[in-house]
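Pasting a structure here, questions to come.
Read from first to last, the chains carry the letters A, B and C; within each, the first residue is number 1.
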Amino acid sequence: MGRGFWPWFLQRATAVLLLAFLGAHLWLEHFAAPGRVTTYRRVAARLAHPAFVALDWGLLALVVFHGLNGARTAVLDLGLSPAGERAVTWLAVVLGVGAFLLGVDALAPFLGMRAPIPW
Amino acid sequence: MEVRHQVVVVGAGLAGLRAALAAGQAADVAVVSKLYPVRSHSVAAQGGINAAIDERDSLESHAYDTIKGSDYLADQDAVELMCEDAPRVVYEMEHWGTLFSRTPEGRIAQRSFGGQEFPRACYAADKTGRALFQTLFERSLKAGVRVYDEWVVLSLAVADGAVRGLVALDLKTGELHTVAARAVVMATGGLGLMYQRTTNPYSATGDGTAIAYRAGARLKDMEFVQFHPTSLVGTNVLITEGARGEGGILLNARGERFMERYAPRLKDVAPRDIISRAIETEINEGRGLPGGYVHLDIRPLGLDLIRHRLSEIYDFCRTFAGIDPSRELIPVQPAQHYMMGGISTDNEGATSLPGLFAAGEGACVSVHGSNRLGANSLLECLCFGRRAGQAAAAFAARAGEEAFPAAALEEQRERLAAIRKRRQGEHHGVVRRELRGVMTDKVGTFRTGEDLAAAAAELARLQERYRSVALMDTGAVFNADLAAYLELGNSLDLAQAVVACALERQESRGAHARRDFPQRDDQRWLKHLLCRYSLRGPVLEEAPVRITRFTPKERTY
Amino acid sequence: MDEISFRIFRFDPSRDAEARYQLYRIRPEPGLTVLSALVNLREEQDGSLAFRASCRSGICGSDAMLINGRARLACKTQVAEAAGDGTVTLEPLRGFPVLKDLVVDQSDFWEKLVRVKPWLIPGPEPAPERERLMRLPAQQFDELSRASDCIFCACCYAECPMEGRHRAYLGPAALVKAYRFEADPRDAGSAERRGALDHPDGVWRCHHVFRCTEACPKEIDAAWAIQQLQRRLAARHLRLKGDA
């Protein structure tokens, strides 16, 4: 009993969080400092701050989970054998962890650069 | 396939499923039905089920109304038994889950119905049949009742004067199966399809009644066919009596509330036979609308009540007549609705054929006599369905295991082979259409000896033609053409019984109104007509009416 | 109205290698329903045409079929309305094995229904001698009453994209039935029904496409009922974690 609930619930929970993160992301990128142009330097400088990196990692985790879990759901709706279902789930897990680590890896170098918050 | 059960019930409507549930308590039981259970016409019942459950009401009053409604032809002991059982039936269904409409206090709501002195029809909006049936169906799923669905029963197997089982055609495969049983309960419902104008479904061809008749069981009260006053013009879909019970009124072309003249006290909630004749009279005397109908006005009830308590009616009017009954008048006319007669049974559902039991609209205990009151049929199905099931199980416990007579199967196999082989002949659809025309024109609300004799002659000719009709489909799988052909044979046999009894009864009583004998004649006719099958046509006998404490009086409303 | 064409799916497994479409021409009178037209066709032109029908008033659920591609009851569909461009196409319900012509095998549908224990499961307290009192706010009673209107026609199954792809999904009709009892104050069977409902092929398979709600000839909001079940189960999961 209960199988089926968690993926269903987390899909919705991540959707709600995505909305929040997306709002925060848009606000910080485009509205918090109106008039300023977004340059590589400014982004890099900002990413040196753990709070911003955490925000983006969180956003990434949510998108990856939500997207892959959604894709997994769509595939499972086709009606697979139990073995097929397990394979799809594991494939999603591997892809998800992989994608997340890639993202972590991409942003990690910025963390080392000590710089003031650029606004 | 050959299967064997102790008891087999034919029909999965209210009566059949109730019988099966009861029999299942004490015996191994199965149901055979030509429709999947939820397709049975019991789901179409709209208005209500009677039970004297209000403190201000009484069993005597329910019994008296029923007997008076029957024009004193009902067997009074059976009526008393049914009315006494009614509260138990309703409470049992409630306990099993039926979603009755409720009063503000949370009790089962009741409404007025035709010919009753107290609002005692318990209802579930205007879908009472569906609500009750679903509950029963759900119980049967819970109990795991075995149902052979889409098997059309063709005949009973009889040996040594007793029933041994039946033969059925499996629609899905075209195969013939035998079901051996110690007791059979017939519960195959109504026979309205023999009329052109009817509220009955395509499947109402009286199969079980005809099969029992041909196997030797007696039919009873066959002359009494009920015409419902308010069917929607066009498709003849029923507009429940509950619409008038809630306050709707009938109007003729001049806008007069004509029922005031025919039944000064009860007016629009007088019994059905009286209202149907009143409508026909208005139409015949030129006060109907062109095309032969009158109006039902439920506008004063208001949209809110209509949408809640008459939701199906609201939907029917919009779907089938394109009108909004909260703002427009509903065009209505009488149509065949119910068969009072059927396989003659005693109070336990036993017929004149040992091992054969019957219940529901296809049977006749005689609780309705010559005219059924609205909301008494669902009650009859549940009350006598249960009793018949119990009696059949008890019978099966006493009876021994007998061999199934092989000849019964052979006979049906030959019959089907013969019709499948026939390459030429008119299609049975033509014969069916003529039958429905004759019955509607000549055996309707008002009858005369002349019309009935003409109908009898016409039916004899149709029987002759039926013997040489042909099929268009000779395939095996889901051959609906073959099923319709077999059903037509049943309709024809029963139509002959109806006409023979109607010709014989030279008086007017309840739904049987003879223009040539307009009075009720208790001296000669306070009795039932029984009907026995013979190759030369129906053979009639008489049986006394059982009277307990209500002496026949003139019937006024 | 002028003559119109009926283009009907034909298949008799005992004779045909594959399905075909057959054209019939009819001259409709006003008010003619698709079902009446079929009955006339069968009696007058082609007795071998197979379809199911009984009540002809939208109550028995026999005659669901695809009418111009959408699952509907033939008896509740006017020919005039369906024949927009002069042709009415009739096919068997999607997602069910075809027995013959417009007749499908619904066994699967009935089996799913039984899985939700579609009967009243009362609580431990004994039933009173008379009826149980039932006092519900009008709106709640209406919702319950609507949910109990199902006629098992299976239009919702034929329209549900999940049902179409995922055979094991309980589907809208069975779930509406489950909701009808879950929402009934007299019922105490939630725990017994949970195994079937709280399952990937139970309520969680629904993605709210709302095709069932659109298709229902009795105007039952099936997708809404399923959402109610999801909500009830979600609440139970989040509050009583671990009692699975």
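The rule is simple: contacts are C-beta pairs under 8 Å (C-beta built on N, C-alpha and C of every residue); 3 or more make two chains touch, one makes a residue touch a chain.
What you see is a predicted model, and the numbers here were worked out from it, not measured in a lab.
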{"item": "Contact graph of the chains (line, ring, star, complete, other)", "value": "line"}
{"item": "Chain whose Cα centroid lies nearest the overall Cα centroid", "value": "C"}
{"item": "Greatest separation from chain C - chain, by CA centre", "value": "A"}
{"item": "Distance between the centres, which are taken as Cα means, of chain C and chain A, whole angstrom", "value": "40"}
{"item": "Between chain A and chain B, centroid-to-centroid distance (C-alpha), Å", "value": "67"}
{"item": "Approximate Å spacing (C-alpha centroids) for the pair chain B, chain C", "value": "27"}
{"item": "Chain C-facing residues of chain A, complex", "value": "1-5, 7-9, 73, 76-79"}
{"item": "Partner chain B, residues of chain C touching it in the complex", "value": "12-15, 31, 33, 36, 39, 42-44, 46-62, 76, 99-101, 103, 105-106, 110, 113-114, 117-120, 122, 127, 129-136, 141-142, 144-145, 148-149, 151-152, 181, 184, 186-187"}
{"item": "Residue ranges of chain C touching chain A (in the complex, touch as defined)", "value": "162, 165-168, 194-195, 198-205, 207, 230, 233-234, 237-238, 244"}
{"item": "Complex contacts: residues of chain B adjacent to chain C", "value": "35-36, 38-41, 43-44, 53, 87, 90-91, 94-97, 99-100, 102, 104-108, 124-125, 127, 130-131, 134-135, 138-139, 141-142, 172, 174, 201-203, 234-235, 237-238, 308, 312, 315-316, 319-321, 427, 429, 432-433, 471-473, 475-481, 484"}
